[in-house]
Every structure is written in structure tokens, then in C-alpha cells.
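Think of it as A, B and C in the order they're written, each chain with its own count starting at 1.
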Amino acid sequence: MIHTHTYDALVVGGGGAGLMSAIYLSREPGLRTAVISKLYPTRSHTGAAQGGVCAALGNLEEDHPEWHMFDTVKGSDYLGDQDSIEVMCNEAVDVIIELEHMGLPFSRTEDGKIAQRPFGGHTHHFGQGPVRRSCYAADRTGHMILQTLYQNCIKNGVDFYDEFQVVDLLLSPDGRCCGVVAWHIDTGDLHVFHAKAVNFTTGGFGRIWSITSNAHANTGDGVAIALRRGIPLEDMEFYQFHPTGIYKLGILITEGVRGEGGVLRNDHGERFMERYAPTMKDLASRDVVARAISREIREGRGINGKKYVYLDATHLGADVIENKLPDIADFCRTYLGVDPVREPMPIQPTAHYAMGGIPTDIDCRVVTGPDNTVIPGFYAAGEVACVSVHGANRLGTNSLLDLVVFGRRSGLDMARFCKTADLPPLPENPTERIEATFARLLATEKGEPAAKLREEMQDVMQDHVGIFREGPGMEIALAKVRELQERYRSVLVLDKGKRFNTDLLEAWELGNLLDLAEVTTVSAINRTESRGAHMREDYETRDDVNWLKHTLVTRSDEGALDITYKPVTITRFQPKERVY
Amino acid sequence: MKTVTLTILRFNPETDREAAYREYRVDVEPTDRVLDALSKVKWYQDGTLTFRRSCAHGVCGSDAMRINGVNRLACKVLMRDVGDRVTIEPLMGFRVIKDMVVDMEPFFAQYRSVLPFMINDSRPPQRERLQSIADRERFDDTTKCILCAACTTSCPSFWANEEFVGPAAIVNAHRFIFDSRDEAAGARLDILNDREGVWRCRTIFNCTEACPREIRITKAIGEVKKAILYGSTAP
Amino acid sequence: MSAPAQVAERGTPRRGGGYAKPRKAGGGNFELISWFFMRLSGLLLIFLALYHLVWWNLIVGVAHLDSQVVIERWNNPFWRLFNVALVTFAMLHGLNGARYSIEDYVRRPGRQVAVKAVVYTLVLGSLLVAVFALLTFDPAVLVNR
């Protein structure tokens, strides 16, 4: 059964960016807004962010948005667009104050202001040393942001469609965005949402790797849907591996541990970051630290020769750990039986964050092509988008900042847009495509389970398109992913029912993951340099002459992936060698 | 790696008239989570097994269920702690949609009923509202709630009467009642000063025992009761 | 089972920002008072019962409890009032506890009223008889028999 709903604005995804966008839309009287989310919004992965959100409030020491901007540009390895970065760092202060006014329970300084602590890559005086810039609420800042935003959505009476999986984007015949098709997981019914504007805030796709900090739900649905609808994906080769994930599980251990003074040690007990980053040491940017850890492990200095090193916080004392890092202490005790007050934590890098995604301008309008042609009514914000504030490597805390700043900007611009725009016509048979997909997935009687294909994909991506990359290895990965895409045609869905069919959902999600693994690998093979998180052992240096540009990958009608480029916006900071 | 038996209470609304137990044997590591064991069953034995999950490390609140008779998050219990025979059932007190999936709407309706958001209609300052470390500490415990419903569905008062607002909603009211920046404690206390509000709590402590975030829920409810009695939230 | 409507609508949100202040919950402060009464009476009962137990059974001693002692203490107004307090607090404390259980587990409105009527009548009736007896019984009857 197909249901139809009409709204002015739709927000797809109930994480930080989506809820922030919805709050701004809900402040516009008369505007009909709905949030459509595959999970109850409070289950979104924003809630797993721990360490903080940066803004140059200067509550504890001198700080300026332009220092923050410089750090972000440098962190991005000069691939970030400096106009977007400037907007983000300047608006950071206002947005954080606004979140506080919305009720966010930040930790406090002695004089009652928002507490701040150092974080990787954030410096004073353009790289002179660490600065206390990360505003935090213990080690559950993301949880507090998510809860506060959800609370304010309830306060403002936002309409929610919870556990509705958006499965397709609708474009009207004249090329405007006109809605989405969503699948009500509970009933199995399809719903057509007809609207003037749609905002994709669907998050990332860490599940294409085997060791990841990402939730099971982070399957890149929005990115994959956009790709299928002919929208290019930008900078997909840049994927961040967080230096400190719990060994084997990948669960995030916040950079805040190092912000509070924790250090990394190898099998010899050596504080090895002193060798890799003499100034910032353990607080160098994430790509640098993750590579250092991987190098130590590869050169046999992992603990007992295994694939992990220690994150040592034992010298911080029980007080700091229990009060400022209570959740990570709980994770270590629950999953490792390790008490971080007394023992070091075994960690390894974990797939964490997509710098790339759906290209947008600074108002979060989705743009295509090298000349940034706007698709009217289609927006994206947060991890799903590539506005590009993170360039080739994101600094810690800038993800939460990205969510709230660009969530807000998208809401404001959509509200402006909806005031004047009319409702574009729906295409004929809007559900045709997804009905065909589901019918095919359900018709298979003999085949392999989605989980098997997924595991093979995750393993090959982990081995060859991880922290260290080289051409031949990535070719192996690409061949494997394409083989898996072939085998995926006969993936077996055992559950043939309509109600809460998560078997079908997982199979559909796997299709997204495979597409994104393919695009990531193609982009990574294509970029023959090393920059930020994209580290090629066969091209070890950054090549600004040939590669100071964004990659755009588009799926052609025939199914091939076409690569084009667009220039990087450079305003204030010219590319320099990057040393921490 | 060893083989364990999972006894799972299954219900498929499209084929079953009532729920029934089914056994699955699955190989697990002692350090695997119960969620990992369930996933192995779903992925490689029976794709129709249905449960919610997302973050898999106890922060999203999706996978609360009854494990060996007590409410737990499946991702926060390790196999070595539950023995070789594990019974898994859905949360009690909500309508079962399918297997472990229960209807959460009544739960969120109760949550929404206690004004779970900051209310301060005075003009905000240019910068942040100031709050002392001590004032921030007063409601710290209840900010940890992830709305997993483990507490509410472990409460005998709630089992007996689903109109009871439930411990989770009270926890989320507490989070604002004791926030020095909020101005609507009185309105929330009025809401909770009701037969189906805090007074339905019989101080049984099941909620505190069930909370995966270790929130001292019964204590928080006690603080709300006292605030109603004294007509004040002063410490 | 669906959301209880009156609960869902208490803090009704409005479109276009803002929210409606909730209406005052009905029912006054009866539940608050009964909760506080349970606390208070529970505490008092501990001391009353303890005093009763220690004084008559340990200090005076069971062996010495004969009709003479009973007559003497019945003639003491303090003892009478003490026992009025003991029986009143005990019965009301128990009655309120029974009310909690009835309201938790007897869900059909009509049946709940009926069960409450029976329990209230029995308990309050016994309480009335007890207080009446304590205050009006003349121990001289025992002597003159």
C-alpha cells in the first residue's frame, strides 16, 4: 500500500544536522516540516560522539576564530574550501552559545562558563601549541547535543516519522527535487513524501570497513541514493581513521583522553608520538597519529607484536577519569575488563568519519559539476555532505561543529527557499524503482546471505583501502568489490514478510555499502598523491601542482563511474608543508 | 570459541497467533556481546529473527531486551557473563511488534508529557548562561539517560498499570527540574504530582538495577517527590 | 495498548515554535498527602510498636501480665490514647497500602470501586470498633464480674 504526504520541507535523518535543521524550520510559522528517520532520532550516531565541539570562545585562554580556521585548513591538508571553513569557525561561537541557551548541559569552569579542553590539531597563534578550544560535557558531548536538539524539536512541535527508511530521492521532470520515497519499517508500506525541499542529513558509511567506530545503521543510505540519482560524490577517497578505537571492537575512545593528558605507548613503553610530531605530540591531527600507530604496529612495536598499542591514562588519576571521561572508563571495563585508572587501554585505529560526500555550497544546497550548478530544493548537511570543511582530514570536534553550523544554515536556507518556491510535480510512478528493487531482493530463493558478502567487503576494504594504500592492493579491492556487486544480484533474503523486515533492510543497505566501497576505491586509485587521510605508499608526497582539487565521481546511465574535478577555494591560507 | 544455546521468544505478527520459544545453537567467543550472538543467528541461521540495534556499545539505547529474565542492553552484556544457556525475550509491558521489537510509542508519549526541554523565557544573555560546577552536578546523573526503556519496563508498577508515567519520564523531568537555568520546575512538578506520576512509584528499585547507564533512578524519583512535598527544588 | 491520550496531550506542542503550557493535573494533593502520611505513620509505628513490645513484654514481662495489670493500664488515659494512636496509624497505613495494591492490580473501574468499598468498610469499621472500645470500655466490669 502506498501513502502520500505533502510537506514544505523534509529532513531525512534524525541526527545532529537533521534535528538542528528541523529546529530552524520549525521556527518558521506556517511552514510544514517533517523529520524522517530510520531510527528513533535519539538512537542516531551523533550520540556516540564524545570529546567535544570546538569554538573559539576563549573561556580559559586567548583564542580567535581565525586561529580555529587556520587549524582546520591545515588539518584538511589544504583541501578544505576556505570560504566554508571561515563560515564554520566564525559561526561556531554563536552556535555553541545558542546550544547552551537551548539547554545543553556543558561541563563548567570554576566561574560557571562553558568548560574547554585541548584537542588534536587545535592550536594557538597558528600552530604554536595546543589551545583549550573544545567545549565539552564530560565525554558524552554528542549525546548531550543529540538529546538537547531532540528536546527542542519536541518543544517546537516538529513532526517525526520514526523508523521510516528513506529509499529513494524524487526529482521532478524539470530537475527540481520534489520529495522522497520512504519505507515504513513497521508495516512494510511505502510512503511518498511530496515536498518543496529535502535535506539529506543521513550520516556516514563506516560500515564498509571491518574495524569501525560507526553504528550498524551507518550504511551511507543518503550518499548512495544520491549517487544512484546521478548526483556526483565529492572527495570519497578521504576517509578518516580515528587513532584510538578499542582493540578488535573499534569502539571509539575519545581524543579527549589525550586532550586531558593521556599518551600513546608502544611495546617498549616509548611515547612514540614525540618522534612523529615534536610540537603537538599525541595531539597532532588524526591522520598523523593514526598513521604513526599503524607504522609502529607494522614495524613490530605493537604490544606483544600484536595489532595494537597502549593509550595510557593511568597518570591522570581516578578523579579526572571518573569525572571527565566516565563513559570511556565504562567501555573499557565492560568490553575489555581493563580499568583505565590502573591499566593502559589497548587501542588500534578505527574507521570513523567520511570527509567526502554529497557536494554542497555554504548554504548546504546540493551542487553538481565543476561550476557548482544547484539542484533546486535539494540540500545536504553533516557527514553525508561535503561542503568541504574537512578537506582531506577532519580535526577532532569539527564534526559536531559541522553538524550544528551547517544544520542551522540548511534550515535557514530551506525556510527562505520554501517561502517562494512552489511544489514541483511528482514524477510518474514515484515508487516504481524501489518496488522493483525490493521485488528482486525478495524473489531470490537461492543465494548467499548479505552478511557474508558484507564481511568479505569489509575485510578487503580494511586490508587494501585503509590507512596505508597502494595501487595494486586497491586494484585487488576494486575487483573484489565488483565481484561482490555481481554476487549481490542474488543475495538471499530469508524473511519474506512485510512487517519489520530487517533482513530485507540489511540487504538493501548492503547494496548502498557496496556502491560506496566502489566509489571510495575508484577515487582512491585515481588520486596519485598522499594528502591528509589518503596515504599512498606508491605516491608518498602531497602534489599540489596536480592534485590540489576535489574529486567528483558520477555514476553514468550505463553504470560506469566518471571522474571529474573542481577547484579548491583558497582565500587566506596558501598551502604549506604540514608539520605538527 | 564455544557453543551456546540461545532460547529466544519469537513472535511473527504475520504467521503466529502467540509467541513461542525457539532454540538456536551458536559459536561465540567469551568476549562477544549477546548482540553479537543474536547477529550471528540472524545473519547465518535465521534471517527472520528481528531485533533493533545500532551503535552496539551502549549509547544509542536500541537493543534493550530481557536477557535471562532481567532487562539489559544486548550490546553491554558479554557472553562470558550469561552462561551457556541464555534466554532472550522482549521487554515487558509494551505491545510486541515482532520478536524483540516492541511498540515504543507509548514510551515516547510518556516522555513527551513531562516537558522534557529547557524552558526559560527570560531574555538570554549575549554569552552563555552561567552555572556553577555544583549546580551542574545536581542533575548530571539524569542527563545520561538514553531512553532505552529498560527502567520503565522493569517496573512492577508499570507492568500493573501502563498509564504510570514511568521511571524514564521522571528521570527526564528530573534533568530539567534540577537545572538551575530552567524556569518551569513548578509546571513539571504539577504534572508529576499525580496518581499516575511519581506517586505510582513504590520504591521497588528495579529501575535502578536495570539502568545500563547506572543512573540512580530511584534516588532521582525520591528527589522529585521531596521537591513536590517541599514545593521547592532548593538543595 | 496505545499511548494514553491524556498523558500524550499534557504538554501539547504547537506548530511554528513554542509549546503550550500544560494544564494543571487534576486530583489535588491527595496522593502527595497519602505518600507523606505513609512516611510519617511508618516512622511513628516503628516507635509505637517498639515501645509497646519492650515495655509490656520485656520490662513488665509476660509472666506478670494478669487481669490486674490490664485493669490498671486501661485506667491510665495515656495508655488509652497510645493505643488509639497505634491502632489508627496501623490500620490507616495498612489501608493505604491496600489501596495502592488495589489500584495497581484491580484494573476494571467498577470492580475497583467494589473491592475498595469492601476493604474500606472492613478496615474502617474495625478501626471504629477498636477506637470505641479503647475509649469507652470500663475495666471495672472485669473486677465486678
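The rule is simple: contacts are C-beta pairs under 8 Å (C-beta built on N, C-alpha and C of every residue); 3 or more make two chains touch, one makes a residue touch a chain.
Bear in mind the structure is a predicted one, so any value in this text is a computation, not a measurement.
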{"item": "Contact-richer chain pair [B-C vs A-C]", "value": "B-C"}
{"item": "Chain nearest the overall C-alpha centroid of the shown protein atoms", "value": "B"}
{"item": "Most distant chain from chain B, judged by the mean position of its C-alpha atoms", "value": "C"}
{"item": "Centroid spacing, where centroids are CA-atom means, of chain A and chain B in whole angstrom", "value": "27"}
{"item": "Separation of mean Cα positions, chain C and chain B [Å, integer]", "value": "34"}
{"item": "Whole-Å separation of chain centres (CA-atom averages), chain A against chain C", "value": "60"}
{"item": "Two or more partner chains touched - positions in chain B", "value": "112, 117"}
{"item": "Touching two or more other chains - residue numbers and ranges from chain A", "value": "154-155"}
{"item": "Where chain C touches two or more other chains, by residue", "value": "13, 19"}
{"item": "Touching residues on chain A, where the partner in the complex is chain B", "value": "39-40, 42-45, 47-48, 97, 100-103, 105-108, 110-114, 137-138, 140, 143-144, 147-148, 151-152, 154-155, 186, 215-217, 249, 251, 327, 330-331, 334-335, 449-452, 492-495, 497-503"}
{"item": "Chain C-touching residues of chain A, taken from the complex the two chains share", "value": "26-32, 154-157"}
{"item": "Touch list for chain B against partner chain C, complex", "value": "94-95, 103, 105-106, 109-110, 112-115, 117, 156-157, 160-163, 165, 187, 190-191, 193-197, 199-200, 202, 225, 228-229"}
{"item": "Touching residues (chain side chain B, partner chain A) in the complex", "value": "12-15, 31, 33, 39, 42-44, 46-48, 50-62, 76, 78, 97-98, 101, 104, 108, 112, 116-120, 124, 126-133, 136, 139-140, 143-147, 175-176, 179, 181-182, 214"}
{"item": "Chain B-facing residues of chain C, complex", "value": "1-4, 7-11, 13, 19, 21-22, 24-27, 29, 31-32, 34-36, 100, 103-105, 107"}
